[in-house]
Every structure is written in structure tokens, then in C-alpha cells.
Amino acid sequence: MEIGLTHYLVLSAVLFCIGLFGALTRRNAVIILMCIELMLNAVNISLIAFSSYVVPQLLTGQVFAIFVMVVAAAEVAVGLAIVLAIFRHFSNIDTNDINLLRW
Amino acid sequence: MGQAAAFWIMAVVIVVAAFAVIFLRNVFRAALSLILCFIAVAGIYITLSADFLAAVQILVYVGAISVLIILGIMMTREVQKGSPVNKMQIPAAIVAALLLGILVYVVTSTPWSISSQAPLTPTTMPLATKLFSENGFILPVEIGAVLLLAAILGAIVITREK
Amino acid sequence: MKFERYGIGIIKGMAVTIKHLLRHPTVTQFPDQRLNISRRSRGNELIWSREKCTGCATCAKTCPQGAIEIVTSTNMAENKYEVETYRVDTGYCIQCGLCVEACPYDALFMGYSYERAKYRRAELVQSNDELLESPSRPASGYFHPEIAETLPKQTLLVEKIVEKRKKK
Amino acid sequence: MEISSDKDYIYTSSELDYQEGQLIEEVKASSRESIQDPDAWLDEELKRNILLTSVDWVLDWARRSSLWTAICFPACCAFEFIAAEGPRFDMSRFGMEILRASPRQADLMITAGTLTWKMAPNVRRIYNQMPDPKWVIAMGACGISGGIFRSSYNVVPGYNKIVPVDVYVPGCPPRPEALIYAVQMLQKKIAKAKVVPDLSELPNPLRKGKK
Amino acid sequence: MTVAISAKEIISQLNTKFPGAIEEAGADSVLVKSDSLLAVAEYLKTAEGFKFEYLNYITAVDYYSYFEVVYQITSLESNRSVVLKARSYTRDNPTVPSVTGLWQGADFQEREIYDLMGITFEGHPNLKRIFLWDGFPGYPLRKDFNQ
Amino acid sequence: MTTTRELTLKTEPFVLNIGPVHPSTHGVYRMRCTLDGEVVVDIEPVFGYLHRGIEKLAEERTYTGFIPLTDRLDYISPMSNNLGYCMAVEKLAGIKVPERAEYIRVIMAELQRLANHCIAVGSMLNDAGAYFTPFMYTFRERERIVDLFDMVCGQRLTYNYMRIGGVSQDIPGEFLPALHKLVDRLTIFIEEYENLLKLNEILLARAKGVGILEKDTAINCGISGPVARASGIKWDIRRNDPYSIYDRFEFDIPTCENGDCYDRYRVRIEEMRQSLRILQQAMKQVPKGPVKADVPHLIRPPAGEAYAHIEAPKGELGYYIVSDNSIAPYRCHIRPTSLINLAALRQMVKGWKVADLIIIFGSIDITMGEVDR
Amino acid sequence: MAIFDSALIQPLAMQVTPPDWPGGYWWHWLFFTVAIIAFVLIMVMGAIYLERRGMGRMQSRLGPNRTGPFGLLQPVADAVKVLLKENIVPTTADKIVHWLAPVVAFAPVLVIFAVVPFQNGAMLADLNIGILYVVAVSSIATVGVFMAGWGSGNKYSLLGAMRNVAAVVSYEIPMVLAIVGVVIVSGSLSMNQIVTGQDIPYILVQPLGFLIFFIAACAEINRSPFDLMEADSELTAGFHTEYSGMKFAMFYLVEYAEAIAMSAIIATLFLSGWRGPWLPPWLWFIIKTFVVFFVMVWTRTTLPRVRIDQLMGLAWKFLFPLALINLFVTAIQVVVWPDISQWIFVIVNIAIAAVLILLWSKFFKLGQGRVEV
């Protein structure tokens, strides 16, 4: 079977849903961050697939993927900083136990 | 032929690794699966003839983001506790499955206007022109740079010892 | 860390090591080349002289270890002690040389050789004839200046280098 | 400037001390007899003229020409060992300059110094941590028999109470040359070892019925 | 030249300051009662004219009938030294006050004496065996120790 | 300062055992370090892995038979140990040592100081991570000194040279010319060695201001030797309580103010220069004469007690001997320089990183043989 | 090295892009895969030999000379012996991670060589993003290292891995910035085109970039003075403390293969790769690689190790700003004066580099002191 755009989009959807499920159910803050990374990757796959199949000469999708990576990097930096700060305060990064928005 | 084989291998690796990320009890191994997933995604990019992005994917995700995450794991030392789940498991599974169904339905039923042109192969130069030319994405690039700076400053401020 | 000296210290150190790379190493390649060890060297095995030994056991008394075991019997005919066994456990001996110093009859000498490694613990215990002087077991000049004169002059690392410098 | 120690030790270590004491007593009780020197068969085998295959020769050559030393330097002999490593005698000529701080990567333990009962469990642990094949050289009088300290209350009379010893080097401490000579003796011993097992001695499933 | 202060020189001052603290005055040492050892030592360390702020060593000797703990202290300024001694007359649980509060360097040495001689130092922050292990039978430096 | 840290950072301190077998603990020494990340929160030293009971063994040996045991105390500087012990017994028995023996003793002690500082400086820099090079260089120079010891007494490490009332044998004829060459050579070598790392920026960064030992703390802990002099205590027993014939020589006592690792390194190098000065003076003055007083082999000193101390390379080394007029000492206590110098270690390393802990420990220059005895 | 005979390579070198006929591409692929593995193994053995002999001579020793002629077979003996050793997995280890770590560390290092040109066009794949590929792939190798550190279940290993993660995250940035300077001047990311564009070696055009890249490369591959993660005087053997037998051999190989890879990349980027008169190009390439490696050995022999906070400080406060300025200056030069002879830039850039280094040396301070606990 020839591989087409649909395959990539379905793969992207599957990856996104796995990430979503993980992000909703896990209690470890670092795992949640990792799941968000998975979702962002899923988005990237679909963006590049669109770019490659729909507008192959324009590369707009790839440019968007680069911006997504920038956002991902920023998110990880800030997210981990928050996780570390929480850990320092509570000695714990279980999201169920961290219900006070202050420290 | 080659592209199909590569796609299926990468797709299976990605899905398995992604499941490993959320289901492994050992957080460190989950992070390692995440790295595997990232590398496989880079492979997917290559099948889509986005070679520059594949290199950037490895550089940014494997070289920086995963390393940071592992640093976070080592510093928080949460491995003994594993990755516990909350009570939302069944509703979350239903939501995820529903979303997956809708997405797959939409993807398969939409008639995409697929171009017949071959994709650009060395993408480095055109990407650069696209990003930095005057009528390209120069403003978003600047905004992205500011965002990164803000994120770094924010991270430093949050983790700083008072 | 402040590079107040702009890395000059690092460059100086690098120069020293590179100088050593070009200089001749100070190695003695042991099994092929041998150093003449000190004339007073306290080697690994005692040399015992059966003729001079009277069996007074001063050495055994002085030994801080108790490494020397001496069994004597009285010889009525010549009115002296006869040494039956003279046993030294080289595994105990620390080569302090106190026994050689104490021997009133000059019957004990330090060994001059050092290649005395063994595969078995039991082989380290030596007695009677194994302790006698032989070409493979020369005596050292420790407390015996007359023997020291006959031994070769000690190789000194200092002289080796100084002479080389003068030649250049 | 705080001079008096006003703060207690953060980590209370009394349990650890207690455990260590138990371990030492255990080791002390279990090592009354000295371990037999390994490869006592060497002479008899030599008489029988064992045949070494060329594979054996290559493997023995590799083993004997890169003996990496584990760091186990309790006392005085360490300095003669370092002298043997140093610029004057240079054991690195035999490929021995690599001192492995981790016993996992070492082949040879040179027991340079007095062994006390408090240290004995650690030495045994180092020996157990070394991967096979491994060798031990007992260096100096203390290593062989406890030497000058053997009548003391805390000294193990010889390393062969704790680990099997391949070569004994007398001396207190032995000269570096004596140590190099011992290493060469060990190399000779390694050269005689048979690495590849003899096929005829292995249980052969085909010949099972005949026996 | 470090001058050892003779006992006569020091004893008059100590007697007026701490009456009854001096048990016996030797030729070049002062034997102090063990319960007033701390006070005497602190006085010698801080008082003008003495300033013995450097502790050379502490050791203990087993004389069968009593244990004697020996302290040598030196004044770096005036280059003088004095030997203090304290005795404990029991063999079961000999006790001497600890001087770690005055001289930090006494820490390990007192632990050593506790370990090898079995003398307890009251007030030592971390008095446990230093060289031998927990559970070693007896105290090796005592004269009646046999293996 | 303690409270603020507790409020902001709740990382989990964990315990790391450094030793007893570790490349840079200089023997078998163990530090139970409580670390917070890389920062040392607390250490608890654990000794005794080389405790051989020398003080007990002394009570079983004769006075002369104990001399070989002193070699094995501080096995980097056995000559100084021999000297200290013999002086204590001489003080106890009231023996006068002949002039020539005194000179030989001083020469040996100063050579020993050179050899010891070679090791001390080299191993400290090795701990700083300069892959064996400084250590090899200093070890080569130590070999030159050891050659001379070997010539005099026939052993390379455990000399057993001094006797009660003198030395065991006279120096051989070729000794003094060799010593001349050695002194010339060492002067050149010290310069070369200083070029190697003295002003190296990385070494300055690693050692300067690291592990500061304040003067008050040093006095309070009883620190002696180069470590104390690096903290600014001008105290040298060779000067303040001259023993043997040290009052005849001209030499300076090098001191520094800061008391950090770098100062300890510099003080040692400077002391090596001063030792060379003493050697130069002593070489010229050696008189002729006997080398040993008439002392019986089994000496029985009168009952009493004596404490003799010398300035060993590591600091004040003292022997406290109690005699009961028998052939063996009743009690022989050794003032362990290394053990007492370790007393301040805990204060010095608190708050520094693991790498600093290693270099601070290296700069104190201890020998486990002397710590545990 | 007959496999690099130009007669063999030239026809293949033309086929850097997949040729038309089937099978040709695969032959090319197979040939270069085998050649790269052989090359890496032989170069690593040469490197080990060079390091041990060179270091020995610098320490006034000899180094291995008994095994084979001139000790040339020493690395072979080591390799055979290590492969035969018993394989130990500690009970506290995370077994899967422990087993996988050496493989993960080893694979990327081999893969790096795919884009290194041994000769004009003689490479596995002339990727148009060559240098980016190198940076990306080399960052995977560090994953293996901290897998090893984590999976061993040993505190020393864990500390080593933590240090490694911190160092790699910091040093990637100045390294990439230094590479960007070269890329701007050459106008291409392809390794082969960078070499063909180097009429003047870029070490002259980009002196500051070279310095930054060299230091960052040393830190990235843990060569001394930045070998903190296996600092043997602090952490016994760092991340591979618990490794023995074949797995340790892999790490040992990785250590030197990484050094060789970095030397090859430095030779390609800054020393004009395979270009040179008289000698065949592949020989020039190998000579240049070994020269760079020798400098690494030389620094390892001489310099002490820096501390972890000094390492980070050096990256962020010294290299990072200098790399930014270097990038800025290079960009201005290339954009504003595109047609000027590069020799002028050589002079200008060397002057700028000197001034910048002097300035930063004057005002920049590294390393914190003690943390109050």
C-alpha cells in the first residue's frame, strides 16, 4: 500500500491521543510534562505531513513546526522550573497533593 | 517501497514507545522511551523529506529537552514512587478514544488537496529564506526569540534560591 | 578563577611537559638493565655461616619478630653448642638488620639479592643449608665494611642526570 | 566563626557502626584457616607437559601483558609500588600503568600493606568485586604473614587468610625490582594457564552411552 | 626554647585560685583532681599571664591501681608549657571530664583513649570507638588485656 | 545562615562513603560524607583501617627493638620518626649523642623533610586532577633522595637507621659528594616544578581561597607543621624549642596568611628551599668522630617519664615514654601529627564541593600509618 | 591502510549521491561502513598507544614497550583481555538500562564518521546538513552515559552522570555557536564543501572560534581538564564504576572514539581536513587528526581538573559571550565585505581574538566559594 497523507495524520492522531490520555491520568508532574511533549510531537508530524503533501514547494508547515519546537523548549524550561520549585517546597511532585496555588 | 517500510517501522516504534512512556512504572525508563519516540519521529520527518527538521528534532528534543527532563527526574528523585495514576483513568480513556475516533473519521473522510509536485529536497536554504526574508516569517521569529528569552528568565526566577 | 595572567601559567606548564617529552626518560628497564643496589643493601634473605656460628642465639633474642628459630644441642666432646636447625621464615623477616648488628661472631650477613618471590607460602621458610652463602646468594656489606668494599659501586640517579647535563 | 562543634552530626551512624562490627566479627570467625595457595597443581602439570593450543597462547599472552591493578594500598608497601610505577622503574612497560580505581575493571590485586581485621571485609569485597580471571600478589612481610605486627590484636596474619594468594614477595617492603620480578613470575604462571577447556574432558552427549 | 613551667611556679597561683584542686605536684607536672580539671584547664587557657591555648597531646597511662590522663599544654606567645595530670581510681568505669569544649583538637584523642584505654570522657559530643570496631572485646592498652 | 537554607531548599541530603579504598584518601581512610547535590553538608571521618596497635606492641618490644616499628608509623618520613623516638629515650636515660651523629641526624631529617614534601605536594596536585604528572616528577626527585638513604642504611623505605645514642653506622665515603650533587639538582628542580603548576590558572582557581583554616581554629585544634604555618602561626619546634643542633643553622620559617590549600602548597615548597639551606650549611660542618655513644644493646632507662618532640615534616611529632626500669617501655604514646591535623577537617570542608573536599584533604598531607598507628 | 588507496576510492567517491544502477549504492554503503568501523578501531588503538607512550614520556617514563614491537600490540592485548573478562551486573542495578547503556553510547560515535570526509568526497554520505548532523548525533551519546550512571545503582556513577548532564547541556551552546561562525564563512553545512572552501585553514580565519570549539569539544567528550564525570581522584571511575568485561570495553572504546571523532571534526573544520601538499589526502587527514589528539593528550598530562561550578561558569561566562561576539563579528565581515581577501580577515580576527581574550580574562570571575550549611 502506498503511504499517503492519511497515514501520517492517523499516526499523528494516535500519538496525540496517547499523550492526552497520559497527561490526564498520570500524577507525576514530570510524566505529565513528557506527555505534553508527545502531544506537541504529534502536532509536528501532522504539520510536516501537510507541508510535504499539500504545499510541497512552500515549506510553510515546516516553518510552523520550528515555532512549535520553540514553544516546546520554552514550555519544558518553565515547566521543569516549576516542578523543581514545587519539589523543593513540598518534597513531592504528585499533582494530587499539590492543590494549593501558593508556596 | 522503501518509504512504506520506513514509515511502518517508525510508526510502530513511535506508538509502542509512547505507550511505554505512559505505562512504565519506572520514570527513568519512561524518559528513555520518550527519547526513543523522539528519534523515531525524526525518522518520520526524513520520510517526509524534511531533513533539516529531522536534525533539529534530534538536536532540540534528544539533546536538550530529554536531557533536561532526565535532569529533573534525577533532581526530584521520584523513581521509587513510580508513576502513579489518578482516579480519572476510565473517563480519560473514554475522552481519548472519542477524540481519536473523531480525528480518524475527519482525517479519512476529508478529501485533502494533495499536490502532485515533488517536495523540495535540500530544505535548509529555502527554509532560511522563508524564515528570514522580509515578506516571510521574520516577525514571528523575533517573537519566538523573545518568548525563549522570557522563558529562560522565568525559569531562572522560579528556581532561584531566595 | 580569574585569568589575571592571561593563561601564561598554563602555557608555562605545557612547556615543562613538552620539554620532558623531548628529554631522555630516567627509566631503568629492570630485567634487562639492572641498578647496582646499595653496598649496604639489606636484601631479602639472611646469609648464615655455619662455621662461625656458635649457637649462642643472640640473633634470635634480638629479633623483634621472632623470625629466627635456632635449635642447638650440646657437643660434649668439643665443649660447645652444635646447631641442629637454623630456620628463618622470610615471610616474617622485615630486614631490620638488628640480628646482624647483634651477632658477636660475625656469623650472620644480610643478603644482597632481592629476587626472592615464591609461589607458595611454605617455600619462604628456609633452614640450614639453604641459608648458606653461594654465588646466587651473595652477602651484603651491611655492618660488614670489608664485604662492602668488594661490592660494585651503587648507581645513583643524581649522578646519572648531572653527568648528562655536563656533556651537553 | 564557630569553634566548638555546637551541631550534632546530621547523619547518625551508630547503626552503620554496629553493622560494620558484626561484619568484621563474621569475617574474623570465618577466616581462621589460611586459604590454600591456588594452582598448587602447577608443578605436577608441568611434568605431564600439558599442551597449550595456539588460542590458549594468544589469550594468555593478552592476559599477561595487560595486568591492570586494583587500588588496594593500605600501608607502607604502597610507596614501593608507586616507585615501581614511577619514573625510575616504570612498570608501565608491561602495560601496567593503568591503575583502576574501580575493582570491576582490574585483574590484579597487589596487597601493599598491613591488613587489619577492620579492613578485612573490605579487602574481601574488593576481591569479590573483581571479575574473573583475577590474581593476587602478596607484597611484603605484612602481606605474607602479618610481618612485624602479626602479634597485634588487630592484624590479620597474612592476606591468605582472606583471599587466595598467587605470588608471595618477601621484603619489608620489597624493592621495586623485587616486585617487578614477582609480576614476571605471575606472568609466567598465567602463561601456563589453560583457557580453552579441553574438548575431550567435556561431557560429550554422543558418548554418553559408551561410558 | 620552650620552657617547661615547673610545678612550684604554677602551684601557688592555682592554689589561691582553686583551693583544694591540686592533688599532688610533681617535679614538672601538676596533678589535678579530676572534678576540677575543667576549671583549672579553662583558667590556664584564658588567664592573663598563662594563655596556654595550644594542646599538644592527651594520653593516658594504666598504672594498675589508677589511670592517669596526661595533658600537655603550651602557650605559643610566651613559649612555655605545662603538663597537667588527672587520675581516675576505678577500673570498672573510669571517668574524666572532657576538654573538647576548650580544645577542639582533643576530640579524636579522647576518642582514641576511650577506645584503647576505656576511659570515659564526660561531656564528649561523640564518644564512640575510633580505631576498633563496635563490639571489640576489651581495651587493648590496659595492662590486663590479653587476646 | 542555617535557617535560611533550610527554608529555601529541601533537597534530600544523601550519604556517600569515600573510602576506605579510594584513590585519593592516601591510604585506608573513610569519610562518610553527607552531600547535598555536590555540596558537602557534613563529614564523619572513620579511622582504624590501619590500626595495628603499635603502642601496645611497644610494650612487648625492647627499647631498640621498637625502632623498626617507628619506621612504619609515618612511612613517608621514617627518619624523623626514628629521630623522635631515639630522642625521647635519650632524654629518659640521659644519654649524650656524639657530635658527628648529631650532624648525620640533622642531614637525614632534612633530607626526609624534602622527600616528604615531594610526596605531599605531588599527591595534593594529583588530587587536584593533574593526571599523575606532578606526582611523577616529585617522585623522581624523591627517588634521588631515597638513593642516598639506601646508600646509608641499605633500605629504601624503612630505614631503621637511628639508634639510641647515635646512628647505627657511619655514612660511607661517597655520601657527601652525592649529597652535594643532590642539593644542586634539587634547587633546579624546585624551579622547574614551580613552572609546571605554581601559577596555573586552574590550580589557582581550585586551591586559592579553598578550605580556609583560620588561625584561631588552627591553634584550638592543635594543628602543627606546614598546615599551621600556612594559617599564619609562626611556630616551628626547630626554632621555638631547638633540639639536636638546630640552633647552629640559619634558616627562615615560611608562613602565609590565608590558610587555604594554595598557601599550604606554597609553604611546603618554601620549606623545601629552607631545608636545602640547612643541608648546605650542615654538609660543610660535619666533624669527624664516633657516631654512637656507648649504649648497651638492652638499655634499661631509669624509671620515669619523658616527652620529646621534633618538627617532623608533617608537624609536631612527639613520643611520651614511661619507663619502669625494665628492658621494654612501660607505656609509649606517640603524638600523632596526622590525626591531630585532621581535627579541623570537618570545619574546613563544610560547604565546599566534593572536588574541594578531595583537594583540602590532600593539602593536609596525612599518612594513615600515623593516624591509626 | 591500503583500503584508503586512492585508486580504490576515487571511483566510489564520485558516487556520493545514489547512482542509477541498482546495487551500486549498497556497495558504496557496505564498503564505507566496513571501512569506517575498521578505521575507528585502528585509530582508537593508535590513539591509546599514542596517549600511553606520549604521556609516559612527558612524565619521564617510557610507557608500554614490551608487548609486541615498541609495545605496539599493547592496545590489542588490552582489548583481548578485557573482552575475556567476566561480565558482572550488580544486584542493585537496573538491568536493562545497565546492559543498553554501552550500546547507546557507542552507536552514535560510529555514526558520526559517516559524514567525515577522508578525502575529496570519500565519505559515507555527503549530507547537506553534515555539521548539524554531527552535533545532533553526538548529543545522543550522552544519553548512553547517563543511562550508565543511572542504571548502575551506584552513588559515584550517579554523581558522574549528573555532572555529565550538566556539562553537556552547557557546552552544546558555545560549541554550536562556534560552528556557526565556520558555517558563515564557508557558506555551507556540508563537511566536504567546508573543506573544499578552506583555502586558508579556518583556524586562522576563526581563531576565537577554534579556541571555543576546542575547549567545548574537550568538555563535551570529557577529556581533561574537564573529565569530571570519571574523575578518578574524586569519583573513583565515575559513570562506569560498575562496568566490567565487554561493556567496560565498549565505554573505553567510546572514550577514545569520541576523542578521535572530535579530533577529526576539528581537523576538518579548522585545519582544512584532507587538504595538503605532497602527501596523499587521507594521510593528511589522519596526521591532522592525530595532531589534534596529541594536543588533547598534552593538556591532559599537564592541567589539573576544574571543578563542576567552574566548568559551568567557564561555559556561560567565558565561552558563551565570546562565541556570540565571534559570531557577530564574522557575520558583519561576511555580509559587509564579501569580496575582500580572507588574509585581511585573518589579521583582523586574530587581533580581535587577542583583545577579547585579554578583556575577558581581566574582568571575568569563575566559581563560587563555600556554600553556608
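Going in written order, the chains are labelled A, B, C, D, E, F and G, and every chain counts its residues from 1.
The rule is short, and it goes like this: contacts are C-beta pairs under 8 Å (C-beta built on N, C-alpha and C of every residue); 3 or more make two chains touch, one makes a residue touch a chain.
Since we're looking at a predicted model, the values are computed, not measured.
S.K.: Going by C-alpha centroids, which chain is farthest from chain G? Tell me that one.
M.R.: Farthest by centroid: E.
S.K.: Which two chains are joined by the greatest number of C-beta pairs in contact?
M.R.: A-B
S.K.: Would you mind pulling out the distance in Å between where the CA atoms of chain F average out and where those of chain G do?
M.R.: So the centroids are 43 Å from each other.
S.K.: Centroid from C-alpha atoms only, then distance chain B to chain F, rounded to Å. What do you get?
M.R.: That pair's centroid distance is 61 Å.
S.K.: Can you give the whole-Å distance between the Cα centres of chain B and chain C?
M.R.: Centre separation, chain B to chain C: 72 Å.
S.K.: When the centre of a chain is set as the mean of its C-alpha atoms, what distance in Å lies between chain E and chain F?
M.R.: Centres of chain E and chain F (C-alpha means) sit 25 Å apart.
S.K.: Give me the residues of chain C that touch two or more other chains.
M.R.: 1-3, 7, 10, 13, 16-17, 20, 25-27, 29, 37, 64, 94-96, 157
S.K.: Give me the residues of chain B that touch two or more other chains.
M.R.: Residue numbers touching two or more other chains: 52, 56, 64, 68, 71, 75.
S.K.: Could you list which residues of chain D touch at least two other chains?
M.R.: Touching at least two other chains: 3, 5, 9, 86-88, 90, 93, 101, 118, 148, 153-154, 172, 175-176.
S.K.: Which residues of chain B touch chain A in the complex?
M.R.: 3-4, 7, 11, 14-15, 18-19, 21-22, 27, 30-31, 34, 37-38, 41, 44-45, 47-50, 52-53, 56-57, 60-61, 64-65, 68-69, 71-73, 75-76, 78, 81-86, 88-89, 92-93, 95-97, 99-100, 103-104, 107-108, 112-115, 117-120, 123, 126-127, 130-131, 136-137, 140, 144, 147-148, 150-152, 154-156, 158-159
S.K.: What does chain C use to touch chain F in their complex?
M.R.: So the residues of chain C in touch with chain F come to 1-3, 5, 7-10, 12-13, 15-17, 20, 26, 37-42, 62, 64, 94-98, 101-102, 110, 140, 142-143, 148, 153-154, 156-159, 161-162.
S.K.: For chain F, which residues are in contact with chain G within the complex?
M.R.: Those in contact with chain G are residues 1-2, 5, 14, 16, 22-24, 36-42, 125-133, 136-137, 140, 196-197, 200, 202-203, 205-206, 209-210, 350-356, 358.
S.K.: Per the contact definition, I'd like the list of chain D residues that touch chain G in the complex.
M.R.: Within the complex, chain D touches chain G at residues 58-59, 61-63, 65-66, 86-87, 90, 92-95, 97, 100-102, 104-105, 107, 129, 131-133, 195.
S.K.: Would you pull the chain A residues touching chain B in the complex into a rising list?
M.R.: 1-11, 13-22, 24-28, 30-31, 33-35, 37-38, 41, 44-45, 48-49, 51-60, 62-63, 65-67, 69-78, 80-85, 87, 93-96
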